[in-house]
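Next up: the structures, one after another.
Here subunit A shows up in two complexes: once beside subunit B, once beside subunit C.
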Partner chain A sequence: MSRRLRQYLPAAAIFVCVLAGWELVVRAFSVKQFLLPAPSAIVGALLEHRDELGAAAASTLYEAVGGFAIGGVAAIAVALATARWTTARSALMPFAIAANSVPIIAFAPIMNNWFGVLNPLSKMMVVAVLVFFPIMINTVRGLTLVDPASLELMRSYAASELGILLRLRIPNSLPFVLTALKVSATLALIGAIVAEYFGGAQSVLGQYIITEAAFFRFANAWAAVVVASAASIAFFVIILALERLAIPWHASARSPDA
Partner chain B sequence: MRATRVFALGMVAALVFGACAGASAPGGTTKVRLQLQWVAQSQFAGYYAAAAKGYYKDVGLDVEIKQGGPDIVPQQVVASDGAEFGIAWVPKMLASREAGADLVNIAQVFQRSGTLEVSFKAKNITKPEDWKSKKVGTWGFGNEPELYAAMRKAGIDPNKASDVTIVKQPFDMSLLLNDQVDAAQAMIYNEYAQVLEQKNPKTGQLYQPEELNVIDFNAVGTAMLQDHIFVRDSWLKKSGNEDIATKFLQASFKGWVFCRDNQTECVDIVLKAGTTLGKGHMTWQLNEINALIWPSPNGIGQVDKAAWDQTASISTTYEVLKSKPSDAAYRNDLAKKAADALKSSGADVVGASYKKAKVAVTAGGN
Partner chain C sequence: MAARAFAARRRVSGALERSRALEASTVVSLSAVHKVFAEGERRTVALEGIELDIARGSFVSLIGPSGCGKSTLLRLIGDLTPTTSGTITVNGKSAHLARLARDYGIVFQAPVLFDWRSVQRNVELPLELGRLPQAERARRAAEMLALVELDGFERHYPWQLSGGMQQRVAIARALSFEPALLLMDEPFGALDEMSRERLNLQLLRVWQKTGTTVVFVTHSIPEAVFLSTHVVVMSPRPGRIVDIIDVDLPQPRNDLTREDPRYFGLVTRVRESLRRRDTHATTDAS
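Right, the complex of A and B next:
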């Protein structure tokens, strides 16, 4: 426990110092709240509007997780196909790269028209496209970057392609996949919030931020940002826990400074 | 701390510069900046005309017109000294004021609200009560109070999903045209025309006004004051700046008078100012904008007390503002002085006889 404490102490100390300094600067120089609200004002806003913020965060998280699942499943499926068949790789890769290059600002309105602006699926699809590429590229890398000696060993035992996939390639790819999932978890939330800017339901974090900022209630807008960050961290931690479960043997799960 | 010091240095520099500019005033020009709330279009024709026709130069001003956009909040720009003059809707400026920005309305250019809630005839939405249980669009971005006030007046709670589904719409009319909302918010000078500029796939002809139901917030009684010119109060209090502000208003008003009396030429000025929208659309827009300004019964730029009180009371009732704004949030004296000066040179600053022209809608607004 004390080791844990020592491990988290620097981060906690910096967190407290930054908050205290921020509060102090805002008060000492009476910085206008539309330039930078004080942490105390943000916490106040957080408490005052917890119901609205909670409802908005739930909708946004639903979009982010849904899009993450769609994009993740599609990315892994494509990665498996491309790792297995070289033809599939050369056929699909250009489209994957093209999909990755589509700017959200062009893509979000199209998704709104396809799936309906009020349908959460329109936001999920934006998230799915956003997370697809990092997950796919990393999975392909994990599936193909296997130790040649291991591959030779498998082949010398006349293992089938399926056997090689299940016993060698997939276990080898897991650290890569999980790293990609961690990156994508935070990306998913960003994607959902940006997609919300292009219209749709009212009770979501993106629209909440727009509305409050438009009326100069920046403490409320910052409170929504805090909630978004917290949701993002929670999502990240869930993937992290998943990683420890899936690959307890990997170095990243064992070393204390992971 | 650093930022404050830089800010202080900036203030000193501004003071020194201001003093120098003041000293070299005879023959020289004073540089000021105007922050618009949207991209270049006929909504701001008067200012572009004043610049193009040399009205600003005539009063000794060199005006830089800064375009706006969805990511630019003019109140923030003016409050942080990014511009001397700003254009915004009144409730948005009042909300900024309440948050501590020392802004003051010095000219209420638009006398009427230009906001509509538009729907197709088939939806049979002719009055606010008909929004009940419907999908009703608004842009958000601070443009929703008129709509929400009208809803509450009709017994509909915009925050209750069982009463109405509020849809945040993008800044175009795609949701209405694709039938994703039952009613959509539209400015009479912009999005409303965008619908009329589209072809109805059923008839192959442009949509006709007869195919639409329009709810006008002026008629509902929840209209709020919109485009006005505001400045920082602390800037205005500095010696000489009231004079600069009055001159700015005088030239700007002259620009608006020009755009009322010379619509074709004025549209050309707007097109040259770099608007991305077509000539047909800009012609429609200027005609509608003129109708929001003229007639100005007490002279251009004057705040009508009744309209102000309605704006203030809706803002407080529907929680745009926490408390009633003080009357110090606006002043009429500078606009009066500017309009009087213009009047004595023979200009009509009331426009009592102004009548909207019939502008033919062009496909795609080109």
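Right, the complex of A and C next:
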């Protein structure tokens, strides 16, 4: 345990130093609060508006997680279909890879129009489309990048396509899928907040940040950014825990003492 | 299909025939087998005119320099590659039907274990595909792991084992469903000499206990002689069988076998047989 602690010590020290430096610079040069509020001011705002911020974070997380679930399930379903039907894969993959480089967030106003600005579904759909392509591409990769010798082994046992899918392709894809899920967890929160900038219910992080900034209450806006970061990290950590549970055999999840 | 008796069927001089094989049937029979790899304009004749009968219970090694088609021949028997022409019969069926009937277990040079399965679940894999009930699967896995002296490692994962141990798991898996035929493609090629010798002894014990027929691809002359009842010597370009050497060293074989003068004699015979065919080509058998 003490070794663990010592391992994290440098990072913690840097964190504290940066905060202290920030606070010092703001005080020493009396930086205007609309340029950069001091950490102490941000923490104050955080405590003062904790109820409001908590409600906003809950709404935004609801959109992010909902969209993540819709996009993730759809992506994995499509990936399984394309892994099964090679023709579907060769027809779809070029578009998927092209679509993956499109800035999906640009569709946010259109989604607002389609599903209603105040409807959380409009933000969920932005998130869903945003996470769809990375998850789908990685899942297809995991299902198809199978050791040829493993495939021959399964052939030698006269395994059916379904048997190969269940016993070889799907387990093989899990590390790929979970890596994509980890990336997409962060992406989901970014997508939700940016989509909220284009309009949405008042009690969401994106709208909160825009409103507070408009009224020059920058400490409040910064507090909302801190809450958004915390939510994003929490989401990521949950997926990380899921990874440890799902693929304890994989190198990324093996404990060093094994 | 009734098992045919092949005792009288000798195609190659010194064909696979021994007193032990006399009353036994043939497990593998190859006749006029050709294999051509076509890559666009280029055609490579990998195997030409292969005639070979393998008697039940025998241990046959295929040896030859790289590119002689020994691995290809093994893959043809296992129906992992189609033949260009000729017939292959395994257990009285075509190679294709034999594969679908799960008549053989295969061990590659790499262990090819699934990282996400424990040792026991790896050994159970073919049994699962054969839809055996859970209790029976566990019983057979335990039996096979004991046979390769890996009892106690059931719950380990492949990456927690050494290369030699992983290969033993692969052997246990290949034998778990009691196939008539065991195909081995340079299974110990990636191991150090000491592990290889230990595994050779262990493989012979397993072979004797199970009575399986083994076809074993190797490029090690001493290994071929030590393990086999018959050594099939092959030459490259095009891949052909040039000699079949009966190895009549006493069974069971052990460390003393390696010191037997007859053993050295046979090693020399195989080496000369390989060299005779290589006067015009360079040999890279190592």
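Definition applied: the second predicted complex is superposed on the first by the 242 of 258 C-alpha atoms of A that agree within 3 Å, B and C clash if a C-alpha of one lies under 4 Å from a C-alpha of the other, contacts with A are read in each partner's own complex, and residues count from 1 in each chain.
Keep this in mind: contacts are C-beta pairs under 8 Å (C-beta built on N, C-alpha and C of every residue); 3 or more make two chains touch, one makes a residue touch a chain.
Since we're looking at a predicted model, the values are computed, not measured.
In the superposition on chain A, A:Arg167 makes contact with subunit C only, not with subunit B.
In the superposition on chain A, A:Leu47 makes contact with neither subunit B nor subunit C. When the two complexes are overlaid on their common chain A, residue A:Gly199 makes contact with subunit B while staying clear of subunit C.
By the document's definition of touching, of the two partners only subunit B reaches A:Ile210; subunit C does not.
Of the two partner chains placed by the overlay, neither subunit B nor subunit C lies in contact with A:Ile105.
Annotation: subunit A has no residue touching subunit B in one complex and subunit C in the other. Residues 147, 149-150, 152-159, 163, 167-168, 171, 174, 247, 249-251, 254, 258 of subunit A are the ones that touch subunit C when the two sit in their complex.
Those residues of subunit B lying in contact with subunit A across their complex are 1, 4, 73, 75-76, 79-80, 92, 95-96, 98-101, 135, 140-144, 165-170, 174-175, 178, 180-181, 320.
Across the interface of their complex, subunit A is touched by residues 78, 80, 99-102, 104-106, 108, 110, 112, 114-117, 125-126, 128-130, 157, 159-160 of subunit C. Residues 25, 29, 32-35, 109, 112-113, 116-118, 196, 198-202, 207, 210-211, 213-218 of subunit A are the ones that touch subunit B when the two sit in their complex.
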